[in-house]
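The structure follows.
A, B, C and D label the chains in the order they appear, each numbered from 1.
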Amino acid sequence: MSILIDQNTRVLVQGITGKEGAFWTQHMVDMGTRVVAGVTPGKEGQLCCGKPVYHSVRNAMNEHKADAAMIFVPPKFVLDAVLESLDSGIRLIVTLADGIPLHEQAKIRAAALANNAVVIGGNTSGMIAPGKAMMGSIPYWISRVYQPGRIGIMTRSGSLTNEVTAMVVAAGFGVSSLIGVGGDPVPGARFAEFLPAFEADDETDAVVIIGELGGTMEEEVAEAISRGAFTKPLIAFLSGRTAPAGTRMGHAGAIITGGRGSVADKTQLLESVGARVAIRPREVGALLKEALRERKSRL
Amino acid sequence: MKLFEYQAKEVFAGAGIPVPKSVLITAASEIPAAVEALGLPCVLKCQVLSGGRGKAGLVKLVHSQAEAEALATRYFAEVPSLHAVLVEEAVAIERELYLALTMDAVSGRAMLMGCAEGGVEIEYVAAHTPEKIVRETIDLDRGLQAFQISDFTYRLGLREDALKQVGKICGALYKAFRSMDAELIEINPLFLTKDGTAVAGDGKLSIDDNSMHRHVAYEKGRSYYGSDMEFEAAKEGIPYLEFDGDISLMCAGAGLANTVYDLVNYEGGTIANYLEFGGPNYMKAGTAMRLCLANKPKVILIVTFGTIARADVMAEGITKAVLELKPSCPIVACLRGTGEERVDEIFAPIGLKRLSDTEEAVKKAVAIANGRENA
Amino acid sequence: MKLFEYQAKEVFAGAGIPVPKSVLITAASEIPAAVEALGLPCVLKCQVLSGGRGKAGLVKLVHSQAEAEALATRYFAEVPSLHAVLVEEAVAIERELYLALTMDAVSGRAMLMGCAEGGVEIEYVAAHTPEKIVRETIDLDRGLQAFQISDFTYRLGLREDALKQVGKICGALYKAFRSMDAELIEINPLFLTKDGTAVAGDGKLSIDDNSMHRHVAYEKGRSYYGSDMEFEAAKEGIPYLEFDGDISLMCAGAGLANTVYDLVNYEGGTIANYLEFGGPNYMKAGTAMRLCLANKPKVILIVTFGTIARADVMAEGITKAVLELKPSCPIVACLRGTGEERVDEIFAPIGLKRLSDTEEAVKKAVAIANGRENA
Amino acid sequence: MSILIDQNTRVLVQGITGKEGAFWTQHMVDMGTRVVAGVTPGKEGQLCCGKPVYHSVRNAMNEHKADAAMIFVPPKFVLDAVLESLDSGIRLIVTLADGIPLHEQAKIRAAALANNAVVIGGNTSGMIAPGKAMMGSIPYWISRVYQPGRIGIMTRSGSLTNEVTAMVVAAGFGVSSLIGVGGDPVPGARFAEFLPAFEADDETDAVVIIGELGGTMEEEVAEAISRGAFTKPLIAFLSGRTAPAGTRMGHAGAIITGGRGSVADKTQLLESVGARVAIRPREVGALLKEALRERKSRL
């Protein structure tokens, strides 16, 4: 079992007829994702990627009970698209757009919490359960990265995910579920929130988090482990260990402020609760092996 | 986008937050008029975006016009890329507070923060006596409620008239935070004056970059940047940071760029610049390389692992850029991802060989930069 | 507070909702200038607050200036308390819609309502073909979202450009609803014109009375009321309704007043006026009685059962009022509640005897009014 | 057992030091209501009616875990006061003020629903469990009205409540709990929402509702009965039976609009589900007796 999505998840695509929407929806379908319908205002009645298009999520939901919404709309329309899916009762949403206004990021996060919903993104390439389903723009065809297996992965980055996951696969492992929470300062979902699902997932042996300087997501992971919400091995790779304080390193959230958010502090916290932190991407594979061996010997 | 103090205070004044009387000058010759308008003593404040202006001597009280003129002349002569000085009336201060609003990522709510000790470095307070910082989170749909302001100011230790005045400022600050799409808005210090009023002593306001389409009046000119190249890069929309070292990074993806940055440091190399040309910029190899070359690096280190940002397209851009710009320094290129199998063929005209392991590429770049290896 | 059509349309225009070109006139002599400004044909619309103006002949299309002058002259001469006529350009109508916003008591949300058939009486549609009314509820904190407008206008049967235009009007109407603290805001009909634009044909806007402190620019002059006495009562803050019958009610509490109103009708009596002098008005017996007497009732029926509105205080007020106003009609008084034991003593100087049973009091009042009994 | 409040309910009074607040708090205390503290900004440390006063609800709640909040503040501050109590976790609130702006009434109602809270009022004199506790400005000392007993009462009116309840008492009954939901067009709580509690209350034999023309509260009661949420006898007295359509009769909500809200229609609906509707207040007692007799013979 993968977490959040698999081949049975019924996916609705908002913004399906756009260039990016149509391109990646076709890839999602090709990979086996169960896309049931699409939404583009004004295009009700058309077909796109072989799927019926509706004017609104409500109209689509009248015909197809979707479980999840995949949003391909420009950044300034994302909040509205998220609220629209929530309004129709969808509680799993993925949005990729990079450039969502900060105050709208916050409203998305607050709406997710208020509705007990999972909103993944923005500023991400989405999530994948290799061999089962993909929501987003993840290059599932790169087999040295998106190999099915038993390691859960959560990431704040894009390209770095490929870099680190390739190391996981090179070490002989594969991926059960990979979730890109995105690089925005206020993402819709946070690492620690998925740990219970990974804990419960009998197809996940361990979790790798790909974090970075800034924010508190890695600290929350440490806190979740410390209160026993996650007991499987957890390996972290965190970028920005040598970044200067007070400088924003690429992602808006990747900045050390108020003396908080340094990779050194995150590392110390994670290690204090028994997680392993890789200094270089290539160490992730070895740490995984070590942690799994240790767990096996303990069980 | 970080605003200058004088701009932040314009926003404050518009929101109804009291600010000291002031005159913005762009040359020392404007001092006499400013002094006449404000009286003496007054304060000269360099309008630069870096923090710690007080410690750096960029904010000073002056007691005579002559002193003011001398100081202004020196500021304009010596402070790099200084374009304006804010001359402010001196305020008779009774107490200083700290007040700020930012966004709380965990709750998706705005976070109002205050401290009864202003003026000091709030980050120091946060790290050492966090219990001194009072917090209140605000639902963005519902807005800041009167009861929250009343409780927040009470917890700040304020009473009676001071509580009411600072409360009003909290309300106004929140409105400004929302209407400006701010990521941070800060009054530090907020003066409580001897005559019983509250006045914003300093002002910081940073507008969310993703919201600049709603704030087109703010044009980010050269004075907002530390160097010409940073200004150039920003105009192109390319994330770029300048450092003093040898190796120019040209990477795709912030996380990967930061990782390469770390690896270079681990290997004993130094960074000339951080540059991302992934995402929407993956076809801008030429511009990116031009920005790198301006730093006269000893080597350019290219690392990518892209999907939409295709390796073959980036390779084509790099090849074209090398042919056009004829860089005198060597290039180390580690390109992976969609289209990677075509890269070597595309690189053939410039004699570049694709590497596929990040650490190998970093080691090679550092070796070249440190003179241990040729390209 | 109900606004006149022209005021509602001023609000609409301010919110960006297209309205027909118009001129407001307060005398027939202003017709030539209005016609010159608007052209012919044009529409004359009496600015009265009652509904059904079309059926009552208070809205008419005119084709010549002479016709317009004659009609305006007649309107100003014949329509009771008419103070203004709105002269509007005639619009070439393709379709008519209905659009309104009100508050939904169950959800505590605003309710946007629309119907593809405008112009008709929406209450008739609501009663007979409720499925034709499209609804959308709106969280007041979050506001009306774009997806809601898009779905609402689609369900109204609109497509493409008409969908977008009416969608914009929905957004503007919601903003006006909120900023005006409206209990009802309505465009009926909303014209879709032959040249493809959407224009508000009529406008209703009723501001919540509890929010008038935020809308002090609207002064509720005599023209807003059906009679001088209603205007007087409103100035005193006394709920008051005028009818044609014999018995003036002076009751405390709306529910009790309505009950007495019903009982009078059951007993075969008729109402001269409904008047509440409970709550904050319980010390205004004099004013209340003066308002009743203006209707020349056959009897004044006082019924109360108060707590804060003390029976003894009201009795004192009544006694004073009777001594001052010397009403020629009899009074029936049924006072209960706090202080009731002192009422008979207080009433002694005016020879009034307190009753303590509502039905008994009603029966007595009706008997007096119908000439079957003396006071 | 009474519903909502009894002598053990810990009541916090917002606006306790105001004239109305102090006057009625003293009455509440005199009747036996367990008032634990009061709140008035700027008056922390004072005593009022013998109870400690705090600057804010949070400060008060730090010292006294209150179960319910009684709000005595002017109409335009009610929304803020309600939100303040909700923020501190109080889920039973009574507010009396007449004149709350309509849009704020709606926000109060929405906030009550969002927080699973009961907000009674505004424009009411509150609620009482005779002999146990009172929140509001109810003249509990009028013994021919506020007689303890086994009849639940819900009302939209003030003086009329005294009128009708006196008839209930005159017929030999007494009151278990009386709830004044108030005369505003958008009250914080609605009749039908209390029916499950009256149904479960073994000290309530029947319920009397005192309604009026306009709105849909009586219709919701009929709907609740029809789906079996309330099975005890229910007697209604509704004022405004002869009111002309389209005229607002006193209360802002007391108006027949869109052909809806007439007392005739409400009566028909209520009778169709087995409720009894009194035409005159004096009939309420007889109908209660009849209904209780009938129920007894059926049980």
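By definition in this document, contacts are C-beta pairs under 8 Å (C-beta built on N, C-alpha and C of every residue); 3 or more make two chains touch, one makes a residue touch a chain.
Keep in mind that this is a model prediction, so the values were computed, not measured.
Colleague: Tally the contacting C-beta pairs at the A-C interface and at the C-D interface, and name the larger one.
Modeller: Here the pair linked by more C-beta pairs in contact is C-D.
Colleague: What is the distance, in whole Å, between the centres of chain B and chain C, each centre taken as the mean of its C-alpha atoms?
Modeller: Each chain's C-alpha centroid was found; their separation is 57 Å.
Colleague: If you average the CA atoms of chain C and of chain D, how many Å lie between those two points?
Modeller: 28
Colleague: Between chain A and chain D, what is the separation of their C-alpha centroids in Å?
Modeller: The answer is 49 Å.
Colleague: Do you know which chain A residues sit against two or more other chains?
Modeller: none
Colleague: Would you please write down the residue numbers of chain C that are in contact with two or more other chains?
Modeller: Answer for chain C, listing residues that touch two or more other chains: 139, 141-142.
Colleague: Could you tell me which shape the graph of touching chains takes: line, ring, star, complete or other?
Modeller: other
Colleague: Quick one: which bits of chain B touch chain D in the complex? Just the residue numbers, please.
Modeller: 142, 145-148, 150-151, 154, 159-160, 163
Colleague: Going by the contact rule set out above, which residues of chain C touch chain D in the complex?
Modeller: These residues of chain C touch chain D: 51, 103-110, 122-124, 126-127, 139-141, 178, 181, 183, 208-211, 213-214, 239, 241, 251-259, 261-263, 265-266, 274, 276, 278-280, 304-309, 336-338, 358-359.
Colleague: Give the list of chain A residues in touch with chain B in this complex.
Modeller: 75-76, 98-103, 105-113, 125, 137-139, 142, 155-163, 166, 183, 185-187, 190, 210, 212-213, 215-216, 220, 239-243, 246-247, 249-254, 257-260, 279-282
Colleague: Mind pulling up the chain D residues that touch chain B in the complex?
Modeller: 41-42, 44, 55-59, 77, 80-81, 83-84, 87
Colleague: Provide the residue numbers of chain C that touch chain B in the complex, in ascending order.
Modeller: Touch residues, chain C against chain B: 139, 141-143.
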